[in-house]
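One structure below.
Note that the chains are named A, B, C and D in the order they appear, and that numbering of residues resets to 1 at the start of each chain.
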Amino acid sequence: MGKIFDSAVAALDGLLFDGMTIVAGGFGLCGIPEKLIAAIHDSGVKDLTLVSNNAGVDGFGLGVLLESRQVKKVLASYVGENKEFERQYLAGELDLEFAPQGTLAERIRAGGAGIAGFYTRTGVGTKIAEGKEHKDFDGETYILERGIVADLAIVHAWQSDPYGNLVYRKTARNFNPNAATAGRVTVAEVEHLVDAGSLDPDGIHTPSVYVQRVVLGHDFEKRIEQRTVRQREAV
Amino acid sequence: MGKIFDSAVAALDGLLFDGMTIVAGGFGLCGIPEKLIAAIHDSGVKDLTLVSNNAGVDGFGLGVLLESRQVKKVLASYVGENKEFERQYLAGELDLEFAPQGTLAERIRAGGAGIAGFYTRTGVGTKIAEGKEHKDFDGETYILERGIVADLAIVHAWQSDPYGNLVYRKTARNFNPNAATAGRVTVAEVEHLVDAGSLDPDGIHTPSVYVQRVVLGHDFEKRIEQRTVRQREAV
Amino acid sequence: MSTPVKGWTRDEMAARAAAELKDGFYVNLGIGMPTLVANHIAPGVDITLQSENGMLGMGPFPFAGDEDPDLINAGKQTITELRRTSYFSSADSFAMIRGGHMDLSILGAMEVAANGDLANWMVPGKMIKGMGGAMDLVAGCKRIVVLMEHNDKTGGHKFRDACTLPLTGSNVVDVLITDLAVFDRADRKGAPFRLIAMADGVTIDDLRARTGAAFVE
Amino acid sequence: MSTPVKGWTRDEMAARAAAELKDGFYVNLGIGMPTLVANHIAPGVDITLQSENGMLGMGPFPFAGDEDPDLINAGKQTITELRRTSYFSSADSFAMIRGGHMDLSILGAMEVAANGDLANWMVPGKMIKGMGGAMDLVAGCKRIVVLMEHNDKTGGHKFRDACTLPLTGSNVVDVLITDLAVFDRADRKGAPFRLIAMADGVTIDDLRARTGAAFVE
């Protein structure tokens, strides 16, 4: 077995190549595989196609790969938080494809599940539907969307056992379990390595079959984008 | 709110009508909604279309609805354990449609997820593919399978909180979470009602939005089909 | 044209929208003005809020010091959980939305058309940020309520016979709440928008002058 | 034709199949003879067994008294869990299978054809019990190993140029293990089955006489 690796660099060894497609978990900066992204940055691999709900921010998350110009194309649902992204896109240096968030999530799940395509009502009558096959079912119009399989999936989890069974925490789950299924190889960075048998078998989010390599991260930054609080009422 | 009902009969009140389609959780006799099935039996509702992986056994599970001749059609992947089923089918009294088990599970999930249809390789080149649309993706042939939405979903869970958040136990999970999403109305029988806040929010299998009614069952039979054991080795 | 009227405040609009929420509803609130609706839910009306990044049962903002980077809403704001909360993946979250399990979504808009078309995600020529989950929400939720200013900053029509901006969804808006009035449709099968309320001081002539869409009274 | 040879026992066939299992593999074992394979896994080879009703990391049968009605395998037999076990829904289970994540499945068969076609679910005229998960497994697993008797009870060919029974899958069998011999194919792109082993006492002439399919030596 031996799924546990000492560092993000070691966990990615031999998996990176120019022109590859990488699907990444995370929503905004929540639950992003920040250590693996940093290691991909340091590797210098280029011409990447990134499949991710968002593209990080300037200087953090997938944004670091944009700054270093390692990215050829992004498939995302929302990229509003990134000035460098905007600059490269407007300069024609970056290819961008939008998918509605639920369509993106389902396309990733479908890729992992051996579903080549599926019909959804989302986007019917909009620019997203242009050029896509339309089909009526029971009097309603649907469009065909394709499953996505990536060369590599990178995810961030809360816990892993030695087998690579993963548990995510709160809304840091988001795209991670779906991304984990859609990589030809899947690498997980985790906040805690736990002993065999210590995870509840009814509570595992990503079964071990999906995870080929695991790395325990340290000193995660876990940046908050919108720190919103309420006032404690006076007693 | 008020999702908790006193009895299976009360939980089904107003939901049953002749000719309706019911999707049921369970695999073999494991995790079947045995109390709800009994109440459906007692109601006398007829001409049912049942969507379920199996059709129970003589005298238990969905088998009781076959014996009372309340069933018009069954959509299942395997019905091998039921003599009365066989008799009615061979006599032409029962309509039967087979779906491969994974296709059945995905059709139920798709129905619940607003996916009208999806392309799978399962069954290509077999009788199951006859009459279905074929389509090539990346040089491989797939067939189109349809999502299923039922008038009613009946499921069996281990725990529910007052909101209808459900947790299943071990392999009694099986088709239950998928069925729960595919009913226009979903009724769950549960072995334990637990207090609000006592389920781990990261460990809920069926979020409350899918569950309209819950009944706490008592004295479940939970019959075992194949009692297999190993010998304790001599010390 | 007519004397400018003040119309409803954003909070008054949110209160109008809150009247659409019925006991037991599962609701998704879009980013911006729709989030104000949560402050106006009537006593005794129990609502469960979904956040499409993977949470059902969204609680209020945390107290300072309790922020958790693993607990955010779809607007990336720190939030809290409740006793009813469950978490799930993005695919499961949108299965819930696309599958028609959410009773209602309240969204902002740039334009709404007389036939229920909605535009709220891109302005040609400006940097496109993406549609996020808006197309999924309007295609999947049982009922769509839109909150928007009745006119743009130059007085231009936002409620129009046809949208000029790229659509988020076609024939999806059920209720339109602006600072001047409330409109709804009986169905999505061709029923016209019907005026059901106007802000104090707004006359029907004012309203017609400031509206580019046909509607019935 | 030739003197009947005894060939391999069911356990010997299972041991042959076990040689297909490599360290770290995720494997689904069909009902019947394939379940015997678990008894022959080599020391040091760590295999995780999937049960398609929703479990990864299937353990052995329980001791008497420890049977749990909530813990069964796809053959509806009571089983146990291991320290690596996870449970999931049927849709998730077959996503795992259909998506190509299972390294190997070992299945029984009624007929196998020279082109890799497999028939193992129905005999026309007999009551059809259903295909269960077999069609999904053969369509989805990376590698399919079939265990079957080389001939039927009347001596008829089960390894044939074409199947006569309705198919479970077309062009899906990678390895065929019978009581007489082992055959495999280099790929599913037209490579023929190649004989790689024969049971003691079986001659190539025996084998050809008892086989209805073309194969290479």
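Here, contacts are C-beta pairs under 8 Å (C-beta built on N, C-alpha and C of every residue); 3 or more make two chains touch, one makes a residue touch a chain.
Treat the numbers as computed from the prediction; the structure is a model and nothing was measured.
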Co-neighbours of chain C and chain B - touch as defined: A
Taking each chain's C-alpha mean as its centre, the one farthest from chain D: C
Which of A-D and A-C has more C-beta pairs touching across its chains: A-C
Separation of chain A from chain D, taking each centre as the mean of its C-alpha atoms, in whole Å: 36
Whole-Å gap separating chain A and chain C, where each centre is the average of the chain's CA atoms: 28
CA centroid of chain C to CA centroid of chain D, Å: 55
Mean-CA-position distance for chain B and chain A (Å): 32
Residue numbers of chain D (touch at least two other chains): 81, 87-88, 94-95, 97-98, 139-140
For chain B, residues that touch 2 or more chains besides their own: 106, 109, 113-115, 120-121, 168-170, 173, 201-202, 205
Touch-based graph of the chains, sorted into line, ring, star, complete or other: other
Chain-chain contacts as defined at top: A-B, A-C, A-D, B-C, B-D
Partner chain D, residues of chain B touching it in the complex: 27-31, 53, 76-80, 86, 89-90, 98, 100-106, 108-109, 120-128, 158, 168-178, 205, 222-232
Residues on chain A engaged by chain B in the complex (per definition of touch): 106, 110, 113-121, 135, 137-138, 140, 142, 146, 167-170, 173, 200-203, 205
In the complex, chain C residues that touch chain A: 51-55, 60-64, 66-79, 81, 87-91, 93-95, 97-98, 117, 127-136, 139-140, 166-171
Residues of chain C touching chain B in the complex: 23-24, 26, 46, 48, 50, 56-57, 81, 83-88, 94-102, 139-140
Chain A residues within the chain D interface of the complex: 1, 109, 111-115, 161, 163, 165, 181, 196-197, 199, 201-202, 204, 207-210
